[in-house]
Amino acid sequence: MSAPLTRRLLAEFVGTALLVCIVVGSGIAASQLSPGDPGLQLLQNSTTTVFGLAVLILVFGPVSGAHLNPVVSAVDWLLGRRAGTGLTGRDVIAYACAQTGGGIIGAVMANLMFDQTPLQLATHHRITGGHLIGEILATAGLIAVIFTLARTGRAALSAAAVAAWIGAAYWFTSSTSFANPAVTIGRVFSDTFAGIAPASAAGFIAAQLIGALTGLALVSVLYPGTASAADVVTPHRAAH
Amino acid sequence: MSAPLTRRLLAEFVGTALLVCIVVGSGIAASQLSPGDPGLQLLQNSTTTVFGLAVLILVFGPVSGAHLNPVVSAVDWLLGRRAGTGLTGRDVIAYACAQTGGGIIGAVMANLMFDQTPLQLATHHRITGGHLIGEILATAGLIAVIFTLARTGRAALSAAAVAAWIGAAYWFTSSTSFANPAVTIGRVFSDTFAGIAPASAAGFIAAQLIGALTGLALVSVLYPGTASAADVVTPHRAAH
Amino acid sequence: MSAPLTRRLLAEFVGTALLVCIVVGSGIAASQLSPGDPGLQLLQNSTTTVFGLAVLILVFGPVSGAHLNPVVSAVDWLLGRRAGTGLTGRDVIAYACAQTGGGIIGAVMANLMFDQTPLQLATHHRITGGHLIGEILATAGLIAVIFTLARTGRAALSAAAVAAWIGAAYWFTSSTSFANPAVTIGRVFSDTFAGIAPASAAGFIAAQLIGALTGLALVSVLYPGTASAADVVTPHRAAH
Amino acid sequence: MSAPLTRRLLAEFVGTALLVCIVVGSGIAASQLSPGDPGLQLLQNSTTTVFGLAVLILVFGPVSGAHLNPVVSAVDWLLGRRAGTGLTGRDVIAYACAQTGGGIIGAVMANLMFDQTPLQLATHHRITGGHLIGEILATAGLIAVIFTLARTGRAALSAAAVAAWIGAAYWFTSSTSFANPAVTIGRVFSDTFAGIAPASAAGFIAAQLIGALTGLALVSVLYPGTASAADVVTPHRAAH
């Protein structure tokens, strides 16, 4: 029923590249156009991400599930293991590689579009205790949203709901909600508004893993016993 | 058919905690990032609340109805009494406790994320005659939206419509629309942008109760005679 | 099938009161909170109107069609005459009175909420040649949106689409899109951000009537021959 | 089944005129109302375009498909050729003429509404290497969104998804996403915020053509073998 793995990996690669390009590109535009107000810049950056992320999930969902995020793929594997649904362990690794490669290419694309040095290393240090709590919370919520909607037969709402969650988490978490290891790694390669220094990236990713397990625990407690429908976005009416 | 009470209370607790965390956290971020323009801060705060609240209703709705608000639970009980649907009186008290406890924890979480003193007492006095009218109006509208959609078979629109109503009421009411006793009590515990002094909280909650009864009266006049469908969010296609 | 006239008039009265309260109230809040930037004020005002208007259509639609606008009621009557559907001529007059009365009360409510003199006369003169073109265009588009969706069986999208159209027309028309005689008259009674001087109101209303006929002509050319489905919002699954 | 060509051309003409009027008009309003912050101006401009474009697709879609864009019409023809669906080559030329004529009239309408010289020539030069990459990316994404939704039976989501994509691409591309030859030509005729100098327009249109082919390639790889459903917006429940 599902598309061949190569096509799914292409979808994850292109989708994550576009996601990082959206985040980094709008960050550059915002800081150039509204230099005086970092809050207005973040509003432009978050609004763009909401719109762009929702569209990417709609476009790539029927092919690969539009995970665009290694922790989403990993939770899909964890939840589907018992029922034999979801990704296999090998798929998860392939997905994560495609997502991370895409994330890096997306940062380069944004740098190129804005006539900047293509490959940069970010110097924006972001680690504080509060920021790590923020990443845990943002990622836990993301996982809870995705798998709750899948388990309750409402995966068609994922595009809007995931985008809305990230749009909110940009603001209510102190970390501005990276919530995605592939995007975090991609954002290392642009020393602009949305960049993150390599040393901070490692801590953020660790917090995201803890957050993913927290979200998984919440879903399991609130919606127990339905492992069979764990797939994130079931390709509906799609032609392969 | 419905989830066990403990699971529903957990949903109300976590959901209200996240709601207050969203409101308080984005208020802190907004005031730090756009210090020069309180209107821009409120726009960032209200936009975040719209996105976050819609997602919380989607995630917790199938478990507990995602009331996240004691006056919503109370009206659910009032409307459902005759028909034997809705919450019981004891459920309402349990819901209100879970919601209020969650609200306080949510404020603490926001304080922690932004590296502030965890437990604070707000000093922002908000009572004026106009603000109390604002709270009545905001709460009446909230009740009208929720129970109109339930009574007309459109509860699936609640997440978007409730969020949109609150997003509008942040601006068109003079009080910025608390409209929720549990959230009001939670916001007492953060002396930041979204905080409210304890003395103001009491008056706001009284106005919210009047507003809830006003909204209930409006629904009863516009949509009479359908007490059987009074449940707020009927768990649809959810697995328990 | 439809609700008794008195209940429909109550819905139109309360709905239009809330609409004007939303427009005027958010205008006052915006001008108080962001005094330095009229563009930011208009963005706050238009965003609030988008959210609020969509919710009002959802809440009052199943009772009265949620016209909230005399030119919408008049076009409903014009389109439905031949087929015997839609409002009667007497209904239109009753609707228009309820809407206009509601509009005035809404302005008073907003004035009261913001601790201002309850009844004011606006002094904001808004007539220019370009503004009248703007009103024609905004109203023509509004009529085209509403009756196209009704004629193509998509009235359930009206709430979102009407709100989006008005949100756009706030900005792309020079007049900021009043597009509604009842709201225009209501806005005469608040000398604040959203107010309009009585002398300008007359010209705006004349332009709105021309716009309504233009919109009606466009719908008739694009979607001919389906007068039977002219009702704006068919009460769906509503209990009366 | 489909509407006569003249009616479809009228829909494309009026729809594209309104689209350019929305883009140019809101650009003028934004630059007049928020003169100090070009980023805030672009946010007002992009938000208006999101709302307006979504509504135009809903209104004109059932008549003509609401392409409002020559490259969309051209891809519709390319994809539908083998299966005998979609536009004919002659239709595409007629569509493109109606769209381009509409685009020019829309700029004149916006100039008139804002009491400016009706016909102007823009002097805003926009070509850089990065901007051309931006146009390729924005147009490729636009084509991918439209034809993916059509191929997967979700054309009803086109209005929201196309609008969201353009709203994001205003920000994350360096070119602010024209992505439409008819709109690009229309924007030549207003020397205001959204204008583009004739010399830049040619380069932008070339980039858009490359982008359209790139998007077509992406759709063909991700969703192969379903040429029969290539029509953009299938008129659903529409009366002709």
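We call the chains A, B, C and D, going by the order they appear; numbering starts again at 1 in every chain.
Everything that follows uses one rule, which is that a residue touches a chain if its C-beta (ideal position, glycine included) is under 8 Å from a C-beta of that chain, and two chains touch if they have at least 3 such contacts.
Keep in mind that what you see is a predicted model, and the values were worked out from it rather than measured.
The minimal number of chain-to-chain contact steps leading from chain A to chain C is 2. Greatest Cα centroid separation from chain C: this falls to A. Overlaying chain C on chain D by C-alpha atoms takes a rotation of 90 degrees, rounded in steps of 5. Chain A and chain D have Cα centroids separated by 28 Å. Between chain B and chain D the centroid-to-centroid distance comes to 40 Å (mean Cα coordinates, whole Å). Looking at chain C, one finds that residues 37, 40, 43, 47 touch two or more other chains. With chains as nodes and touching pairs as edges, the resulting graph is a single ring in which every chain has exactly two contacts. The touching residues of chain B, counted against chain C in their complex, run 37-40, 42-43, 47, 50, 128-131, 133-134, 137, 141, 144-145, 148-149, 151-154, 157, 161, 164-165, 167-174, 218, 221-226, 229.
Within the complex formed with chain C, the chain D residues making contact are 7, 10-11, 14, 18, 21-26, 28-30, 32-34, 36-37, 40-41, 43-45, 47-49, 51-52, 54-55, 58-60, 62-63, 109-110, 112-115, 235-240.
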